[in-house]
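Look for subunit A in each of the two complexes below; its partner is subunit B in the first and subunit C in the second.
Take a look at the complex of A and B:
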């Protein structure tokens, strides 16, 4: 550990310092752009590192990766569109906070708790890499399948009271994810139009489901921009641009009320991030749901509760370090972003595996130290960018509509330069708008799109292996991890029922009191 | 000033003509070239394509940069379909081909493209499939593996990076020649396939030579599915040497191609330039450092390869399928 920290001395080199600062700012900016995911940000910068020495190159990639994950929170909070898949859960409470004029507070939370999550994640990576790598290797198709099922059980918590509608949304999301060529059998499914051959990518879904309803919502309220309403909106706008003194201090001290949320999110972030196949996308949502269940005021969540942002941002940045463990120790990139980083290692002749910790020890430890420092850089860079970006809340609705629409189209086109994605985005957006009018929650649908393919592929993989081996029951229902996760799934569902029942009873009691 | 006007404009005209002449037919390329890579950013094909296209901006080659666009999906079909549909005839949109994926998909899955839709320019790399097991696996030789599979039909699980990719083809070839039946598990990518071997989910698999080369302490390489041994792993015998009649149809070839609708003179010019670019010292050294096998082949050689693969795969996949 101390050895790793001693490598922080690279920060004394002004060139490295400059690269790191620029990398952080670029990462936050790219992360905040809807349509540019952290993976793309890293892949875009890998060729640049060809010309750097390995240390500087890797420090740059680490800085970009960490800050892109946090940067996604900015757009989530300010315009209700997640900049990256990992920040879906941030907007659930972040945007309501911004609407109440607490945008600055939400942004401070985002970067402060991203830093805390990030540092804990990197420390876990430095200390426990071998243990966590072995733990990850215990996850075969059956285990990953159950983890995914566990992810699906949180739908009830994300439905905001409408559990049945939430479940339908989740199923609908999974159906959407079936579109395209089946990954296991190679058969086309639901390909009734050419645009659908490549299936539905996650970015167009996110942009469509969040940005388009947001635009239409703003447009709906345009006509009553006169008189009193206008005054009220102007008040709100003025409040939005304010940076109340002492916000940061308050947030740092608030950890004494929020410790439950923070520990819960850190735990979920650490465990989930080493499990192969389940990326940072869902970690934020799961941490959000569990922190909500554990909190004293679950009824406030989703209406601008700061802890919602805390949970999501702590957890998603906590995954940055551990997600690299399978890559560094075994050469298996656990996530698409790690795969892009692998390119950055290979280009300098660094082959992941034990050699990294023996022959190339110096470079590897510098990279880890750099990743640690990147978390702090990310905080300051984030605060700097937030200072200016928070003024977005003052932009009049008319201009906002145009700006968000442009962002949505460019963002979904940019993923793979394809107009098909734009059409998919618009189609899904309009549909989501209608569904929102009918009180269907959006988060479960996104969860379905993300988890559906993971569940499907691992179930079918498991089935192939199981039928060649001991049979389905043996394969899916025996073994410590399988049973643990099955129990957790059952408990999670029961808890969901219990919470619903309690809410139902208290509502009924309140109704009786009134009558 | 006026008296200089004529000579100056003449000189400019000459210079412009010289530039046009120095470039390809009709001034090609007069804008940056787009290279469509049909796999996601960071995957092996994408990573190598970024290395080999780096010197393109040099005046020795195209004098214009090559910009990489990723159109991933459906094992590569999404991007190649797009090429057939929408790539222009100006030769400014190239694609990276992956054999045998492209040929196998064209034959089996009936996409919009056929093998003839593309004109190969040059090949930059080959990555043969190697038969691997985890280091602590009971299988020490290919014969062990085949013996087990013969005694337990369908009980032997083998994986690879997807359907109708080189690893799948190699598995099918092994089944056919050794007269065994195995369960093939298609994985999302080479990395997932190797992870399944480590975690003992799957017993054996075909994987990329480069990946096996980078993990000598965790994977045991039993054999290589190519015509001759490879310089990276000189001690590993080919399947042919071991008595299994398997040729190089499963070897993963990567290179650049243009749509067949592009004029012939542009294709010829681009083919020469691309081939020279792949031999650039910077490309050679970067490929070597990153452990990616380089194998530059000319347009003529690749054309022969396309035809040969089509014949072999037609027999393997279509005649005795199911």
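Take a look at the complex of A and C:
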């Protein structure tokens, strides 16, 4: 812990400070834009870090990630539209507060408790990640193979009501990662076109699968964010622009009344976010629900109760650090945004896993220290942007569509200076858009592309060792760690099927009642 | 689109994707390089069959989802225009250069598709904001990050 904190000195470099400040402000701005998720913000900025020193690049991505999660609260409060999925629970009480003329108070709560949640979450990551990485050092090819399968199954099982599609997406992503030359044997596979000879790079995948479908989604819902609707939203935002003095002090002192909500939300944020696939939006809603039950005045929740905003914002930003633990230690991104962040590691030649804490220890610990500092930057940046937050709603959705498209092109081209990457990005983006329309979740697919090479290399290594020893079954299906991972994989799939079946039954029952 | 149709289309897409990759499997790869992708294709084919079985056992509703309102339907022309613009823009970047094509795409798209009435003042503001954005990209990528972007025939 203390060693990690000593790396805070790296942030004294004016260039790093500038990058972090700009990253924070950009993250809050992008997070506050409806239709631009933190995942998309990180995915768009990953290529830019290619030109930076790995530590600075990762600090930029960390700052964007945490501030985009908090920034989503601005529009949730002002116009009842969550800027990011993580802010869904914020609008339940944030918007009613704004309607009562308490928008500034809600915004202060958002950034203060986001900072508290974020700091606790990052400290937990700093504490637990090296321990888990140490444990993961004992993993051989079989265990690493099962870890990758575990990553795909758990994110598919928990992606909500589409297990088969989630698994299909994950395995299809793995199949996409096989395009190009075999990583161990050098044989060409699925090279349909010359542009695919070197395989599919991670950046076009991230940008294509995360940014293009969101751009098209924005285009599809353009009428909701344009014309008269936009004017109405701007009016609402303007009404929330009053800033009474002493609000922040009042909020800081109120912690003595809100400690139960804060503690409950921190606990839920820490525990739930370590599970891959459980997003900040789910954590926020669970924390909101539990805190409401613990509250002395549950009847006021949903009508502008400040504790509702406290619960949601504390919990959703608390997920930022713990969601990165499985990524940094095992190579399994805990969320789509963590998958995008993984791209930032990979383009610098940093492979997640125990190696990050041995060979690249300095970079990893600097990143963790930077993420901790990013929480404080996010608070000050958030308070600054909140002063002008009503202007954010003036940015037309069309401008965002055009700007993101241009950034997607420059991002995919920039890493390898290849137009092929831009075409791959567009092709994958259009394919993902169609698959999303058919309810295929996107996160398992991206994860599949990322984890595919790791799974293949370790499967083939394991096969070679197994053939020289006791055979495949003995190597892959025995041993405590292997069996534990297999059981979790099976349970997560069964859980997914159970949730899907329950939803099917209730839908059918509702349809019968209607008819 | 009804839930049932969506699921049928999903099965069609799953079959098409697995079939496409199966057809592209190189016959000359005889060593270990094909083991993993073949195993994946087997798993994907199994999931497709499982999906067919699940949809037969638990058929989804035929009723169309009521989530598409009239305004969304009216917006479709704009959607297709935006999609076509993005595709044309990506295809032209290589030939007319990144900055020129991006400028034309950005300005053209935002003016052509905008909901608000076009006024000279509005156009001037849009032109200034697009120029500012392109200038920002030029400083960031060409001057600060020293990135090489497609030059094409102009700039």
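Quick note on the criterion: the second predicted complex is superposed on the first by the 278 of 515 C-alpha atoms of A that agree within 3 Å, B and C clash if a C-alpha of one lies under 4 Å from a C-alpha of the other, contacts with A are read in each partner's own complex, and residues count from 1 in each chain.
Quick note on the criterion: contacts are C-beta pairs under 8 Å (C-beta built on N, C-alpha and C of every residue); 3 or more make two chains touch, one makes a residue touch a chain.
Source: prediction; values computed, not measured.
In the superposition on chain A, contact of A:342 is made with subunit B only, not with subunit C. Looking at the shared chain after the overlay, A:8 reaches neither subunit B nor subunit C.
When the shared chain is aligned, subunit B and subunit C each come close enough to touch A:184. In the overlay built on the shared chain, the residue A:396 is in contact with subunit C alone; subunit B does not reach it. Contacts of A:417 after superposition on the shared chain: both subunit B and subunit C are touched. Judged by the touch definition given at the top, the superposed model places A:483 against neither subunit B nor subunit C. When the two structures are aligned on the shared chain, A:509 is found in touch with neither subunit B nor subunit C.
Residue contacts after overlaying the shared chain place A:174 against subunit C, while subunit B stays out of touching range. Once chain A of one complex is fitted onto chain A of the other, the partner contacts of A:131 are absent, as it touches neither subunit B nor subunit C. Residues 184-186, 417 of subunit A contact both subunit B in one complex and subunit C in the other.
Those residues of subunit B that touch subunit A in the complex are listed here as 40-43, 46-47, 50-51, 54, 69-75, 77-78, 81-82, 85, 108-109, 154-157, 162-164, 183-189, 191-192, 194-196, 198-202, 211, 214-215, 217-218, 286, 289-292.
Across the complex, subunit A meets subunit C through its residues 48, 51, 164-165, 167-168, 171-172, 174-175, 178, 182, 184-190, 192, 212, 215-216, 219-224, 226-227, 230, 396, 398-399, 401-403, 405-406, 409-410, 413-414, 417, 419, 422-423, 426, 434-435, 438-440, 455-456, 459-460, 463, 501, 504, 507, 511. Subunit C makes touch with subunit A in their complex at residues 6, 9-10, 13-14, 17, 21, 24-26, 29, 31-37, 40-41, 43-44, 47-48, 50-51, 54, 58, 61, 63, 71-72, 74-75, 78-79, 82-83, 86-87, 89-90, 93-94, 98, 102, 105-106, 109-110, 113-116, 129, 133, 137, 140-141, 145-150.
Residues of subunit A that touch subunit B in their complex: 39-40, 42-44, 46-47, 50, 137-141, 180-181, 183-186, 194, 197-199, 201, 276-277, 326, 330-333, 336-337, 339-343, 346-349, 351-354, 416-418, 457, 461, 464-465, 467-469.
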